[in-house]
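I've put the structures underneath this note.
Each of the next two complexes has chain A plus one more chain, namely chain B in the first and chain C in the second.
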Partner chain A sequence: MAKRNSLYIIIVGCGRLGSTIASNLSNKGHSVVVVDKVESSFDHLTQEFTGFSIVGNATEIVALKKAKIDKADMVLALTNNDNINYMVSQVAKEVYNIETVIARIYNPDNVMLFKQINVRVIIPMLLAENYFNRIFQEIMGEEK
Partner chain B sequence: MKIILAGGRRITYNLAKLLISKGSNLVIINRDKRYCEELARQIKALIINGDASRIEILQRAEIFENDIVLALTPLDEDNLIISQLCKKVLGVMNVYTLVNDPENVEVFHKLGIENVINITEMLSGLIEQRVSSKLTNIMSFEEGKGLVLQLSVEEDFPANGIMLKDLGLPKGAIIGAITREEELIVPHGETVLKTGDRLAIMCKPSVQTQTVKTIAGKD
Partner chain C sequence: MAVFLIVDDETHIRNMLKKALEELEYEADSVANGEEALRALFEKRYDGLFTDLKMPGMNGLDLLKAMNEETITIPKVVVSVCTEADKIIQCFQLGIMNYITKPFTPEEIKAAAKQMLKLKIDIKETTQYVKGLIQQNALSSAEKYMSKLFSAYPSSPIPHYLYGLKNLKEGDLAKSLKHLKASLSLDESYDPAKRQLEEIKVMLESKTEEKEKKGKTDHGEEK
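This part shows the complex of A and B:
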C-alpha cells in the first residue's frame, strides 16, 4: 500500500481536525471523502479540498456504504465522540477489513479496546502532556 | 449473580421493578444524576451515577464474569462500547445489547455481539399483529429470523375444509400444531382443516403475509 501514491481515504467527522486533515490530504492528491452529520461543518474545508462530502450519521451503516467504505484504503474516525469513533473504527476494521484505521480519542480510559482491534489512536491529552514535558525539560535544562 | 442495567430511562425503571419483584440483585448505571436520585427513591438497587461507556464506571459496579449486563441506552454507539468493554475487558459472558437502528443488527453480529435486542422490529411486529386482525398472536424467535403465528380458521377462509397437502403454503412456513375442541393435533399432509381450528404456524418473516393470505384469504 505504501507504494501507491494516491489513496482512497474516508474521514468521519469534519470539525477542525477532520477538515484540516481532509484539506491537506486532498491537496496532496489523495481521493478524500468526508462524512459528517451536520452539513454546515463542511464549511471548515478549505478551497484546496477537491473531494466529496456526505451528510450522514456514521453510526448508521448507510452513510458508510454511501462513502463506499468497501473501497477505502484508510479510514479516519475524527468525530468529537469517542464512542462513535470506536463504532466507526470497529466496523471499518472488522466488517470491511480496512488495513489502516486511525481514531482520535479524548478519554484514554477505553484505549485498550481500540488497540485490541489494531486501530491506531491519536490522544490529544497525551500529545499535549508530552509536549509540555518537552518544554518543561528545555526550561529546566537552560537553568542548569 | 447480579444484573447490571446500563443506561436507558423508562425501560430501565420498569425492567428494574419487574426484576426486583422476582428477587434479582440489581445494579443500575445512569449518567443523569437527577434520574439516579429518582430511581434511588423508588428502587432497591445499587445505583451508580456515571457514564457506563467508561471502563472506570463499569469497574465501580464490580461486575463478575457470570453477571448479566444489559446495554439499554438510546444510542447504538454507546451500547456497542458498553458491550465490548463488558465482554472483552471484564470477560462477562451474558451481555444483551439494545439496538435502536435495525440496520445495525447485522453489523453488531459481525462485531461479535451475539445477543441483540432489536426493539424497532419488536415494535413493528406488534403493530403488524394489530393491523392484520385475523392473527391472534405473534411471537418471534432467533432474533426475528423465525415467527410463530396463531390463527383461528373461520368459515369463509379459503383453507376451511382443505387438506394440508393441498393448501399450498409458501416455502418457509409450516403448520406445527392444531388445537381442535381442546385437543392438540400434530398435523400431517392428510389432515383436513375445520372451522374453529386454532393453528400454530412457524414461518420466516418474509413469507408471513403470504402465509396468512393462503389460509385466511385477502388479509
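This part shows the complex of A and C:
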C-alpha cells in the first residue's frame, strides 16, 4: 500500500477492542468510521475519538455502503462473532478488493478460512496462550 | 497558496477537513456557522468553501442563499450527513459544485478542493474576455470559456447571457432569446441581459414592420 499520511479505515464492531483501536487510529490522524448495530456501543469510544459512527448491521451491504467501503484503505472486522467477521472480511476482500483486511477470531479452528481469503487475523486465545507460556517459562527458569 | 474556508459546527470535522487540505499544502480557515462564515468571506478572499448543512444559527442552506444574494461567487462544496434528494437538489440549485456525504474520505475532500481550484475563474474578467471573443467572431474559443463559467457558476445569469450574445452573432435569434430569458430567470435584475433582450425585441419589431411595408407595396404593385 502506498504510504499516505491519513488512511480511510472502517472498523466493524465497537466493543472494547473496536472502540480502543478506533480511538487510537483517529488520534493518529486517520479517518475512522465505526459501524455497530447497537447505538449504545459507541459509548465505549473515548472523547478523543474524532471519526464517524454509523448504526447498522454490517452483514447488510447497505451499512457497509453507507460507510463508503468502496473507498476504504483498510477494514477491521472486530465483532465478537467469527461468522460476522468472516462475512465482513469476505465482502471487503472479494467484492471491494480492499488490500488490508484484519479480523479478530475467537475460534482458532477458523483461522484457515480467513487465511484462504487473504485476511490477516488476530486470535485473542492464542495470544493469551503464548503470553501465558512465556510467563510460565520465565517462572520455571527462575525456579531452576 | 490556495486558501479555503471550512464551515462546520463540529470541531473534529473541521480538523479532519483542514488536515486533508493541508496535506495538499493548501491553507484553511474554519468557522462554526453561517454567520461566522459570511463575516470571514467579507474580510478575506477565499478560493473555495466547504460547508455543512445542519448548524446552529445560520445553517448551510441559508449561507448558500446569502452568498448568492451578496454575489460571493467562489466555488462551494457541501459536506453533510444528509442524503435527502430534495436537500441535495436545492443545494445544486443554489450553485454548489459538489455534494459530499459524511463519512467522507480525505481523498474525496482533496479531489473536491482540486476541482474547485480548476474551476475557479474570475467571472468579471472572463465575461469581458468572452464578449471580446464573440465580437471578433472567435466563437469556438468563446464557447470553451462559457462552458467553464457554466460549471463554476451554474446559478449566475452571466453564462446564459453570453450564450445569448453568441447565438445572436450566429444569427439564431430564437436561441438567443431563450438564453437571455434564462439569464433573467436566474436574476431578473441583470441589466446586460435586459438591455440585450430589449434590443432584440426592437430589432424584431422593425423587421416585422419592414415585412408589412414590403407586403403592402407588393400588394399595391399587383393592383
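One rule holds in what follows: the second predicted complex is superposed on the first by the 143 of 144 C-alpha atoms of A that agree within 3 Å, B and C clash if a C-alpha of one lies under 4 Å from a C-alpha of the other, contacts with A are read in each partner's own complex, and residues count from 1 in each chain.
Please note the rule applied: a residue touches a chain if its C-beta (ideal position, glycine included) is under 8 Å from a C-beta of that chain, and two chains touch if they have at least 3 such contacts.
All figures in this text were calculated on a predicted structure; none of them were measured in a lab.
Asks: After aligning the two structures on chain A, examine chain B and chain C and state clash or fit.
Replies: fit
Asks: Taking the superposition as given, does A:87 touch the first partner, chain B, the second, chain C, both, or neither?
Replies: First partner only, chain B.
Asks: For A:110, is the partner it touches chain B (first), chain C (second), both, or none of the two (neither)?
Replies: So A:110 only meets chain B here.
Asks: I want to verify the contact counts: of chain B and chain C, which reaches more residues of chain A?
Replies: B
Asks: With both complexes superposed on chain A, which partner does A:52 reach: first (chain B), second (chain C), both or neither?
Replies: A:52 sits against chain C, while chain B stays out of touch.
Asks: What is the angle, as a multiple of 10 degrees, that the CA centres of chain B and chain C span when seen from the CA centre of chain A?
Replies: The vertex angle at chain A equals 80 degrees.
Asks: Looking at A:5 after the superposition, I want to know if it touches chain B, chain C, both of them or none. Which is it: first, second, both, neither?
Replies: The second partner, chain C, only.
Asks: Which partner chains sit in contact with A:68 here, chain B, chain C, both or neither? Use first/second/both/neither.
Replies: After superposing on A, A:68 lies in contact with chain C but is clear of chain B.
Asks: Just chain B (first), just chain C (second), both, or neither: which does A:33 touch?
Replies: second
Asks: Can you give the closest approach of chain B to chain C, taken over C-alpha atoms and in whole Å, for the superposition?
Replies: Superposed on chain A, the two chains' closest C-alpha atoms are separated by 20 Å.
Asks: What is the shared patch of chain A, the residues that chain B and chain C both contact?
Replies: On chain A, the chain B and chain C contacts do not overlap at all.
Asks: Looking at the complex, which residues from chain A come into contact with chain C?
Replies: 5-6, 8, 29, 31, 33, 50-52, 54, 67-68, 71-72
Asks: Which of the residues in chain A end up touching chain B in this complex?
Replies: Contacts found on chain A: 59-62, 81-84, 86-87, 90-91, 94-95, 107, 109-110, 112-113, 116.
Asks: Could you list, by residue number, the parts of chain B that touch chain A in their complex?
Replies: Against chain A, the touching part of chain B is residues 53-56, 75-78, 80-81, 84-85, 88-89, 101, 103-104, 107, 110-112.
Asks: Which residues of chain C touch chain A in the complex?
Replies: Going through chain C, the ones touching chain A are 12, 15-16, 19-20, 23, 102-108.
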